[in-house]
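These notes open a run of structures that come right after.
Each of the two complexes below includes chain A, the first together with chain B, the second together with chain C.
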Partner chain A sequence: MARRWYGADWWFVTISAVMVLGFIIVAMFPGLFAPHSPDDLVGPRFLAPGAHPDLPALILPSDSPDNELIDLAVPSDQPRPIVAVVQGVPTSGALNEQAQVIDNQIKNEPGGLRLRPRIERYATLEEALQAVVNGKATAAVVQSLEFEAISAQFPTLREGASITGERSTAGGFFLGTNDIGQDVLSRLLWGTRIALIIGFSSSLVALFLGVPLGLFAGFVGGSLDRSLSLVMDSLYAFPGLILAIAITAVLGPSMLNIIVAIAVLYIPTYYRIVRGQTLSVKEEVYVEAAKSIGARNLEILQKYIFPNVIPSVAIIFSVNVADAILTGAGLSFLGLGLPPTIADWGIDLARGQRFIQTAWWMITFPGLAIMLVVLAFSMMGEGLTEIFNPKLRER
Partner chain B sequence: MTPITLIALLIGVPAFLLLTYVFIHGSAGLRHYILTRVGLTLPMVFILATLVFFVMRVLPGDPVSSALGPKGTPEMLARIRTQLGLNDPLIVQYSRFLGDMVTLHFGNSLMGGHRPIVDEMSERFPATLELVIPASIFALVIGIWGGTLAASRRKRATDYALRIYSVIIYSLPIFWLGLMLQLLFGVQLNILPISGRIDPVIGTTIKHITNLYAVDALITGNWPAFGSVAQHLVLPTITLGLILSGVFVRMTRINVIETLQADYIAAARARGIREHVLVFGHALKNAMIPVITLIGLQVAILLAGAVLTETVFSWPGMGSYLVERISSRDYTAVQSVITVFALLVALISLAVDVVYSLVDPRVRY
Partner chain C sequence: MPDDSLYSVRNLTVEYQTRVGIVKAVDDVSLDIRRGEILGLVGESGCGKSTLGKALMRLHTGPARIANGELWFDGRDLMKLSDREMPDVRGAEIGMIFQDPMTSLNPVQRILDHLTETIQAHEPETSGAAARTRSEELVERLGIRRERLNEYPHQMSGGMRQRVMISLALALRAKLVIADEPTTSLDVIVEAKFLDLLKELQKEFGLTILLITHNIGVVAEVADRVAVMYAAKMAEVGDVNDVFADPKHPYTQGLLKSVPNIRLEEGELYKMEGAPPNLLHPPIGCRFHPRCPFVMDICRTREPAFEPVVGGHLVSCLLYQTANVKQEGLHA
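Right after this comes the complex of A and B.
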């Protein structure tokens, strides 16, 4: 039966290849896609996806060098800055309190800076903002959402930081912010890099150790093969995650250690498949023929046996990357894999679990990302199996 | 009698009786197979134990100094090292470790109370059992039903849907599935508890007989406790069960497809037996043996899954014990738990193979 290019398996491979490619691009250039740096505290805490932070924010002229309340502090011999607020809103109280706190902190420092703003009250929001435009006031303090609603009327003004010390940004965050005000989306995109590095490098290490061992054991046979197989089978039967837990627990958290720990788990996977195939290919007539015309062992391995095992190795590699990413995420979820500051999906999930009651977005998106990456790689493996393995197809 | 000897007896005595029966009544081929299989298990356990030992000792990083933390003085360090025999030559330590393992004597915890690790594990082990057994049953029901359905509708929409189901389930991080279920049923709908084995207040009324709370509550007729245990079991069971079911669907499907191609199925079909009866009666029955075997060999997934599930749901079982002790750097406990896991994996796969060889006479070396 001819292989149909339009069959479901080809769809599997095509869709998953596109997904894999996309993930690789994101992993290579996360900075291009991520709106913020993964480690920066860029917003208020626990901001829901798409929500705008509504905080009492400092509104400044666009050309002003200031950004935060503390920037308004001046030496005590200069005139106090004038801050415009709207009458009858609690903002002025908060402003007074906050200024007092900052003033107490800075008044004993050298330089003689003081922060004692003079608060002027205006009847409406527009009037308060107009005061800043006219230069009557240094800045205004209004709720950021109210400002954003009418900011088109005041092109010469911009929104600075919030006065309570929490950061405020105009745009909001597509996937929300976490417990310390980092952007979830940016951490997600940067996490792709970590996941793929772990997946690829541990699978490659396992491949480079497992394939030669399997070829060797299958080709040479004898007691060496038997004892090596016993070791590999024992390793294979053992729950991988638990072994990786043991190894990383001893080695301590670092990227290299997690890669080593996961690579060890997957050596037997390659070994078993390659050994099995080597055993069966070894008995083929063409190998027999090559032997009889005097081909050396290395040549037989290289020319006749190795090409036969490549397709299976490719399939295992694809599935293996998926597996390694899952295991790596599991390890860092348990707090074992990586240093806790790294933008990693497993770490973010573990962190989000503590805030499950308040911030659903913190645990939803990193897990979704793990699932999609793993899905892409395992779907590719699945599709490749059916294409490379016609026996399974025609059954 | 400690609970762990009780468990050992519960598993050991039937196994011994079974083996004796086989040796008296079995054929020479069967005897040979079982002897070889047992013979292979011993080196496997030995290799794993050795691996655990060397991972814990030889790799860089000193467990004692990290357990003590910055407070540890050099004198304290030296005293504890001598106490644990860490200053002895490696070969002495190794043989002592193997001896301890055979007698199931794991020493005392490095932590707070310095309790014997065997005692701590025998409190934790029943909790893991209570989670793993219902999860496996749940997974078996979904797996066998789904796999057979997919096989009978091969290359049709149902089949593709079920195959995608198993691929997606395979790609789900188990801890994330747990978190999502917690979010949906525990937080949004607020109908199920999201952590622990039992309500702490009701928990004080339970009599600890087997430490399997559901069983304890049943035999003492403590219905409120049973209800609470059941409620706490729902989410962890679904989490672990769903993850396992993906593999089960896949294996059942392949085996039923293979069986459906046998001649006797074609013969039965020619006699006009309805397709439904053919699939669920004839084919499934014959595919069951390899399916059950393959499923029995998924202990590894089950145990790894249990570690993560227990952590997510604060389930006080062996897995969360392992994770707790790793973060507190109690390396004797870590080593013991991993050794117990190795023993479990080896023994269960031995048991599955032996039972398989009894049921299917074709399996011989």
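Right after this comes the complex of A and C.
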């Protein structure tokens, strides 16, 4: 029944292949897609997805042509603009600093414009805004979220840009920011690279060790086969993550060690499948026919058995990558994986777990990313299996 | 050993190691294959004829083992060659055609690669182009267009694949071709064409062919001599005309009577009593005695020798050896 439900059609494989391709492209060029560097503290902490950052913003009369702080600059012979701020908040300091920066930039330019605002302090937010309404001040600088909360009381005022020139109303962080102000989306995109590197390279290492071992064990048979199978079966009997934890605990946390640990985990998968296939292919008549025309063992292994075994390897490789990504994320989650500074899904997941009640987005999006990658790779593997294996196809 | 024999099998015994004991699938068999002849090897399923065919190339693996015997091929004993030397003989001097052409070609390899690989495996100095030309000439001789060399086995019909198998055997001018039930999976028309081709090739290339089959009709049509096997032993060997006209062994007689014929009335077809023996515990004495219509007391205790009756007509039956037996009895 389950098979009937996901009986793979071409579109099934197509969708998963497009997803896999997308992940690979993102992993190759995360810089093209990520709006920020994954390690920089680019925003306020714990900013919810799509939420406006709370920056000191310029509040102007609705009919004012100005929008940014630099627009307040006037020729030096005219009266300095008056800017209202609220007493006791750090806004005025930031305003002073920013005005100084802009003034230094423009004072040597032709036109003789200067930006030296007179800062007037008011006791409350309302008084500061009222000063702008009355015309006592050219503009006010207050936190944008505070203004938005009471903007209905001041219909003649509007919010301009933040004093640093950013549009304070723009949601700069699509998936929010984390506990130290890094962009969750950027870390997610850069994390794709780590996830795929771990997934692919550990699966490849496992493939390059497991396939030849399986071929030789299946072809030679006898005591070599028996002892190798014993080792592989005992590896296989371990719960996967536990064995990986043990190996990384011994080797220490680093990218290479994670890859080694996961590869060891998946060698038996390839070994068992290739050995089983080799056992059945070597009894085929065409192998005997090859012997009857004088083919030697190595040649039979190379030209007759290997090409007939490799399709099933290609299929399990895809499923295997998904598994390896999951295990890699699991290791990082437990703190046994990479150094915590690296943008990795498992690490972000572990970090998000501490703030699950205050910042749900920190744990949700890395979790979704892992799920999607694993889904794409397993879907592709399953789809390919069903397409290449007519025995599984619906009657 | 007669001078005209290409392959002399002497006292060959092949054993299978099974869970319940050792089974001798070929038991003390001696056989001569003469140069340039088609020798038909017939017998029931499980009588050891395919095992014998494989043993001639020492193709046994796993539980099978040649326990005893000499394999004199073209003047040397193949049993004395090492496992490393055997592949040089296989293909180059002895070729083999298998029962099922559907599974006897590598599904992931082009027909051309099968041929060039065979040639280059034995003659490494041959260039790829030369091997290709040779392959093309060969398959055209066998009635396959040269363009089809680039196809994969699944794109060809059963008859064509069987011809490809022959071309593999002919690619290196093998002296002996062992054809193990080559026509079993072909329909009668393709079978007839295939047998004609086999005869033509035998004349043209001076091939020697061992044709293993359970189809007496095929043997009657193409073979020069026939060997009948029963329960791992050789029952009768002789010229095909002699054996068919005057079968000596009671088993051969029964076998020939049990061939269906359109002219027979219903119920007239002869059915041999009993079933072939279990080779794990073969009958003591003559292996055919539980089913033999002419069974004598001595058959239950004494194993018949494999001796000539008239000319080159060898039979393993005490009916023709009782004189000797009686003489021996007198001496004793």
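Brief remarks follow.
The rule is short, and it goes like this: the second predicted complex is superposed on the first by the 272 of 395 C-alpha atoms of A that agree within 3 Å, B and C clash if a C-alpha of one lies under 4 Å from a C-alpha of the other, contacts with A are read in each partner's own complex, and residues count from 1 in each chain.
Basically, a residue touches a chain if its C-beta (ideal position, glycine included) is under 8 Å from a C-beta of that chain, and two chains touch if they have at least 3 such contacts.
Predicted model, so just to flag it, every value in this text is computed and none were measured.
In the model built by aligning both structures on chain A, chain B fits alongside chain C without clashing. In the superposition on chain A, A:Leu336 contacts chain B only, with no contact to chain C. Of the two partner chains placed by superposition, only chain C is touched by A:Pro307; chain B is not. Taking chain B and chain C in turn and counting the residues of chain A each one touches, the greater count comes from B.
In the superposition on chain A, A:Ile293 makes contact with chain C only, while chain B stays out of contact range. Of the two partner chains placed by superposition, only chain C is touched by A:Val285; chain B is not. Put simply, the nearest alpha carbons of chain B and chain C end up 11 Å apart when the two models share chain A.
Of the residues of chain A, not a single one touches chain B in one of the two structures and chain C in the other. Considering their complex, residues 284-286, 288-296, 299, 303-304, 307-308 of chain A touch chain C.
Residues 8, 230-231, 233-235, 237-243, 245-247, 249-252, 322, 326, 329-330, 333-336, 346, 349, 352-353, 356-357, 360, 363-364, 366-367, 370-372, 374-375, 378-379, 382, 395 of chain A are the ones that touch chain B when the two sit in their complex.
Considering their complex, residues 57, 59, 87-92, 95-96, 98-100, 103-109, 117-118, 121-122, 165, 168-169 of chain C touch chain A. Contact residues of chain B toward chain A in the complex are 40, 43-44, 47-48, 51-52, 55-56, 59-61, 63, 160, 167-168, 170-176, 179-180, 182-183, 186-187, 194, 257-258, 261, 297, 299-301, 303-304, 307-308, 311-312, 322-323, 326-327, 331, 334, 338, 341-342, 345-346, 349.
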